[in-house]
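Letters A, B, C and D mark the chains as written, and numbering starts fresh at 1 in each.
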Amino acid sequence: MSKVEGTPITKGAIISTKLNTNESIIEFLKKAMDKKVFDAVLVPVRVPAGDSFAYVLIEDKSLLKDAAPLSPIMSVQGAKAISGMTKLGKGNMKIGAVMRPCEIRATVELTKINQTNLENITLISMDCPGVMPISDFLKDPEKSMKIYEDAVKRSDDKIMRPVCQICDKSSMVSGDLHIGTLGAKKGTFFIVSNSQKGNEVMNKLGIELKDNVDDWRNKVQDVFEEKHKKREKSHKDLKAKTTGLDNLINTFSKCINCHNCMKVCPICYCRLCYFDSDKVKHTSEDYLDQAERKGSIRFLPDTLLFHMGRMMHMSLSCVSCGSCEDACPMSIPVAQIFSMVADETQDLFDYVSGRSLDEPIPLVGYKEDELHEMEDAK
Amino acid sequence: MGEKKQHTDVLVIGAGIAGIEASLLLSKSGRRVHLVEKTSYTGGSVIKFEEVFSNMECSTCMVSPVQQELLQDKNINLLMLAEVEEVKGSLGNFTVKIRKKARYVDLQNCIGCNACFDPCPVSLKNEFEEGLSERKAIYVPCAGALPNVPMIDTEHCLHFKGKSCNACQEACAFEAIDFKQKDESIELGVEAIIVATGYDIFDSKKTPKYGYGKIDDVYTAMEFERLYASNGPTEGQIFLKNGKTPKSAAIIHCVGRDEKGYCSAVCCLYSLKFNHYLKSKIPEIKISEFYTDLCIPGKSHQKFYEKMKETGTQMIRANVVEVTKSGKEITVNYKDENGKKSNLLVDMVILAPAIEPKSDASELAKILGVSLDEYGFFKGENQDVFSVVTSKPGIFAAGCCQGPKNIQNSVSQANAAVGKILSATKTKMEGDITA
Amino acid sequence: MTKALKINKNIEQGILEFLKLLLKNGKVKGVFTLKKINDEGSIAYSLITEPEELNNAVPFYPLMPVNAGKLLSRFTLKGSTKEPVVAVVKPCELRGFVELIKREQGSLENLFIISSTCGGVYPTNMAVDGTIEKNLSKYWDAVKKAEIPAEIRPACKGCVEFIPYTADITVDLIGKKDIDKQFTMLLNTKKGEELAEVIKGEFLEKDLDKETLDKFRDKRKAEEKKLFEKIDSEMKGISGLVDIFGKCIGCHGCMRVCPICYCKLCEFESPDSEYSPSSYESEVKKRGGVRVPQGVLYYQLGRLTHVGISCVGCGACDDVCPVDIPLATIFKKVGESVQKMFNYIPGKDVDEPLPLVTFEKEEFSEVEK
Amino acid sequence: MTMKIGVYICECGPNISEKVDIDKVIDAVSSMSDVAVVDRYKLLCSSDGKKFLEEEIKKHGLTHLVVSACSPKQHEKTFMEVCENAGINPYLFQIVNIREQCAWITEDKDEATEKAIRLTKAAIRRVRYHAPLEKKEIECNTDVLVIGGGIAGIEASLQLVSANRKVYLVEKTQSIGGLLTNFEKTFPDMQPSSALINQKIQSLNNNENIKVFTDSEVEEVLGFFGNFEIKVKKKAEEEPIEFDVGAVVVATGSNIFDPKKTPQYGYGKFDNVINSLEFEKMNLSGKISLKNGKIPKSVAIIHCVGRNEKKYCSEICCMYSLKFVRYLTNKIPDVKVSNFYSDLCLPGKSYQKFYEQTKGNTDFVRSMDVKITEKDGKLNIEYKDETGKKSDLSVDMVILSSAIEPTSDASKLAEIIGMSQGDGGFFAEEHEKLGPVSTSTEGVYVVGSSQDPKSISETMVQSEAAAGEILSSLVPGKKIEPEVKVSHISESLCTGCKTCLSVCSYGVITFNEEKKISVVNEAICRGCGNCAAACPSGAATIKHFTFDQIYQELMEAVK
């Protein structure tokens, strides 16, 4: 894989502005609301206490003052916000949702498994500089805001989530519209469309998508290649540390079974996780049997099984957003491990989670020749 | 229902796949079925095959559930070792005389542990295994036969030859062996009759040019089926009379076609199946198929053929073929499609003989009072090649006794015969239910 | 006066030897206790049947990876254990377990409980980088001196229920200067005495040293007061609530680690807690903006009502919260106020019925807005 | 009520007792929880044995039964009946095979005993989690929908109406009769097709039990075996006609391969190159002639047109080509006919005879790479003969024996009915051998050339077969018993991801848009377990194969 994923986009609109990225996006949203393209918008907004950000569905434009499309943290994965809103069906409001590429990819995955309804939602992404680990941010929210803005300016990812530092899909366009800042001349940014819906929105806004966006695309490609190398390297190192049963056991040995990683994972959509269900509740006899076989068992015994099971269930759809790692109270590098495995499993089916709504999730949809392989096997 | 009392039971002759399917379907409809089978087991010839084309499904695995269902069906009165002796009357009112030979082993008590075999002092060639293995005077034809209950071959059993041998009886823990059993003559009243007596294989000795019977390692299709069968004489191992593994084999199609004057519809396909048999056991074996016209009708079979061809089998279109033996080598002499004479040395020859009517078909036809066609198969109404309706109302023919055909068509015919019976006799159907 | 057994051994070796003997003499089939599970020194609760395996056990380690009450409940959820098992747990864990038993989530039958006067535990994340290991000696010094070790869980700092209620055996730790040489086990029950038979020692009639422990309790009370005052200042009225819970990311970790939360499917993860698009739309029309997904405050307040009466103040929720919401203190404060109303001490007595508390979603529907 | 498990070990005479130390087994399991009785018996399947079991169950008030004996294939049913007679639900029983799987597979008694103990313990652990399952009974409608008014549909309808079944016959075109009406004669008997078809149509028209819809198409098929709800749309009519049936027979027939897809034969390019159906019609019109009205003096029949494209042999082309030779020589005595073929496919009795009787009137050229060009006003056939030698032949007329292929709307119908299409796009039968006319959807049958290319007479047999299946499974007044070990999807756990819908082979799972959850139609679920395996949320489970049952069994077995 030496090319940035997603369909190559050649045309777009170059917008000149005096505002910074955050402001420009908000301006764009306001305009879209004025023109009734959107009845409401979904954006991260700084909470009153100022120590976090939350997705807020906004109709009253004045509330956009606290909006922060490029919030320094990802407190809730956007896909969860979308499914929270539309799992039970589509709404009547036309909503523009501004999210990170990985949040949109997760949304795409959730849509494939019927957990969202995007009919009235326009997904807008931007070139993502990454987000800080929540715990780092919380040390001093005010200071952290500065640190983040500054880091973004210097496009320095050292303060970002570990998975953000190795994210090679930070500009992947799988929503409807995308705001490009990479490769943009000072005081300008790009808007590109990735869908009919996107085109219609731009149309209603009277913005033509006729400008050449090669500068953006080339820069995106550069970033991709750089990050991709980094990613492969980091995965390689991590693999060495985590391969083999003992390594695995050690890696997850500090897990305290809080299942935060599962709960915040945008892909884990099961109502009741297998590992919270009665299925893993056994009789004391069973537990003693197990203990006797080994002389001693960790209690509860399913800790590693939980992580492996979760991995098996969602790694094909994992978008490497890093929410799990942020939520882990025991600082286990969950996201790095999962993104490593995800890359491998997804390669197997040459599938990229969230790349496109038209790609069925492997294992659910199958190709006929897969079956013939089976036949020949026997 | 005004008409005079009629029977509603149905007689099915032959417990091969066609007979079984017909019986089960009739029973499902609520009819009582009398299933008469000449041998001591069910399943007919299908259970002789290890696998069936074209999906290479395990044949016994395919049929045994159906056999089990049959054995457990309370609506079906299965009469084994039985033959129809006399049939009187007409549709709705047939009176049938059946002669049922004693098995001398109690079907209820015997649990099929086979403990009685070893002690039996008599050893004979096993017909079911085409004489390729031995059996005792008390025996089941093959492992997994259903019902898994032996019979005593009174012709050879010492006990029945006046000797004082009770070896089997002593070995049986269940008092299942009962020398006192008597042959029975059973009389039944039935509404209709389905004939499903199956087929014989053309005797390859009648085509001497193929050397069958003279030359070792020239096998007929049935013999080869048993050689490959995991419950057969060699437990599925294919080797030559001298114990060596064959390095090359020739399969000769259409054996007896000229003599019989028809194409048996299945030989090409089962010959292709043999390819798979050979390759699966002896991957490096070189196979040549001698044929004139390839007959592989239907949506799935060409795919099957293509797959077989991938194994590198040599398809030789040849007219006159003769098999000779000089020293160790078997030579297949033939004329290829350019009329050029050539020959091929092989370790093993498998003949694909035609399907022909059962030897006793004409006898049965006489008893039933129905006519056979010029080939000796049961004749369909007005020349109709596949029709299950015979010349006599109320008597139907299904499966290979009506003409050579594959399992699918046999089963279709069995179900069709049932359809004919059920639709011809609606009035009583409701009678049955309300009764 | 209670029966007691004095053992002239270092507490660590002594207790391990005792547990081993219990296994060897077939008094118990298994031992449930904290154990080092790998070379990196990760510590987890373990179920041990092989005496040798006890070599790595650390029964009184100042760490609570999971509230053992939850684990013992899981162990006996499908019926009391047929084989006898001994569990070494902390007082609040025991109280958690007792609360669960009252909810039919476990059983004490065939279960022997060893607990101790508890000096508290460190936050779990201090186990990540081995800080606890470094602090150990400091910790035990403090305990011996009946002082509050620095850096332990806030919940522990302010915990006044450091004496186990229903243990069969209580190991006296707090204020015991010489536990390196000898220690005393109070045999509170027949079961306790039965266990004690396996090990040599000096039987005597003894109680816990009231004076020392009262002093200690006062120190804890003072700490608790501080915590409560801090919360009061931060959490004034609804807006205070909104502020303090505002950063909740909805991971529900607090619910999963809580020894009292036993629901199979949390109300707030069930279909009833799914909001239709229309509800979002009506909200947004009413207030111009609505937080997505909804229900964060619902969840917190709902859990508060569900759990309050039984909250044993173990502090597990504090540890697990990725956004540092001082849950334990909030729950403890609210919890204690409710508990006082019914003058109920959670986990004190298995036979004391639960004061009836029910929860109506509607009660909070205004609060949420 | 407390659980009381009875465990009975069959000695099977010497068969089990000789290898398995039954007393050891008894000792090993008696202490297990909820086990009330453990006992041995000489032969449990014997009538005495069954009586013994029945009395034991009553005597000890057993709630669950475990029998360690032989293969379930042999006696599971037997002992389930015992349970029923003794008044406990037959699904609160588990059989253990300690004969075939223990006694008969080793000489080592200890091994045999050890395994027998494991398996029996495992079964005891399992049976504790068994739940009673109740047989359900469903009233069924005995009317039948037949789709397709060709010979296949007509024959099926005839069989059914003469058994007093009500039949709805839906035909796409404006009249019934199908392809057959284009033929003058049928092979091999060369009887006039009109006789065959008209007489059948006659007897249909005279029957009050049949309702024929011409110019109509089936629009919707809902429901399941015994209870299908049908919508039929008649051309030029607004409202679809609705009715219920118990079974559906699909007899939509086939098309012939379009020779335009094989340009080498010049079909559509040269006037006098016609396909087989066109020739049938021409022949039926009574006059075989060229475009210019002249009578052809020489005709070539090209076999296997489209075979390479379709990748199957259409079975009947050789025969109808021979029939064409008869047509030609009857109408044009001096005509010269040549057959270009590669292999003659004459399966079954009496086809070869037909060939023998015909071959005198034609040449058979075994050929390959046949190509047709026009040369001075005549058609020129270039080909390679069997020796590979190039040669050619000039003729007036060329008839292309086209392959048989599924009708263009087959997939649409498959969609509506929920049938699958197999090789060559023909409707897939349930089992290649044993289920030739049934399909994976219970109560839906497929007959005639929509299932596989076949002759008229084979087609009629299939129609009769389908009738047989229907008449025996849908009997007036008889209820149908659906499978009891079916899938169940928990409402509270289902997250509505629809994964199960995509893996259900029988299309019995529907989606409740309101609740956003999947719902199993337990009446038709076959209990295959696909959904349970695929469901990531653990919401789908199969009764009698629940997680607990399997887990408990395994835990004990691997101990």
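Criterion: contacts are C-beta pairs under 8 Å (C-beta built on N, C-alpha and C of every residue); 3 or more make two chains touch, one makes a residue touch a chain.
None of the values given here were measured: they were computed from a predicted structure.
Engineer: Hey, which chain is the most central one here, using CA centres?
Structural biologist: D
Engineer: Count the C-beta contact pairs for A-C and for A-D, then tell me which is higher.
Structural biologist: When A-D is set beside A-C, the one with more contacts is A-C.
Engineer: Could you work out how far the Cα centre of subunit A sits from that of subunit C, in whole Å?
Structural biologist: Computed value for the inter-centroid distance: 35 Å.
Engineer: Could you put a whole-Å number on the gap between the CA centroids of subunit B and subunit C?
Structural biologist: Computed value for the inter-centroid distance: 75 Å.
Engineer: How many Å are there between the centre of subunit A and the centre of subunit D, using C-alpha atoms for each centre?
Structural biologist: Taking the average C-alpha coordinate of subunit A and of subunit D, the gap between them is 47 Å.
Engineer: So, what's the distance in Å between the C-alpha centres of subunit D and subunit C?
Structural biologist: Those two chain centres are 62 Å apart.
Engineer: On subunit A, where are the residues touching two or more other chains?
Structural biologist: 87-89, 271-272, 277, 282, 285
Engineer: Can you list the residues of subunit D that touch 2 or more other chains?
Structural biologist: 33, 492
Engineer: When you check every pair of chains, which ones turn out to touch?
Structural biologist: A-C, A-D, B-D, C-D
Engineer: So in the complex, the part of subunit A that touches subunit D is made up of which residues?
Structural biologist: 87-89, 113-115, 269-272, 274, 277, 279, 282, 285-286, 289, 293, 313, 364-365
Engineer: Give every residue of subunit D touching subunit A within the complex, in rising order.
Structural biologist: 33, 492-499, 502-503, 513, 516, 534, 536-539, 547-548, 551, 555, 559
Engineer: For subunit D, which residues are in contact with subunit C within the complex?
Structural biologist: Those in contact with subunit C are residues 33, 492, 515.
Engineer: Would you tell me which residues of subunit A are touching subunit C in their complex?
Structural biologist: Touching subunit C from subunit A are residues 40, 42, 45, 47-49, 51-52, 54-60, 62-63, 75-76, 80-81, 84-93, 117, 134-135, 138, 249-250, 253-254, 256-260, 263-264, 271-272, 276-278, 281-285, 287-288, 290-292, 295-300, 303, 326-331.
Engineer: Can you list the residues on subunit C that touch subunit D in the complex?
Structural biologist: 82, 265, 270-271
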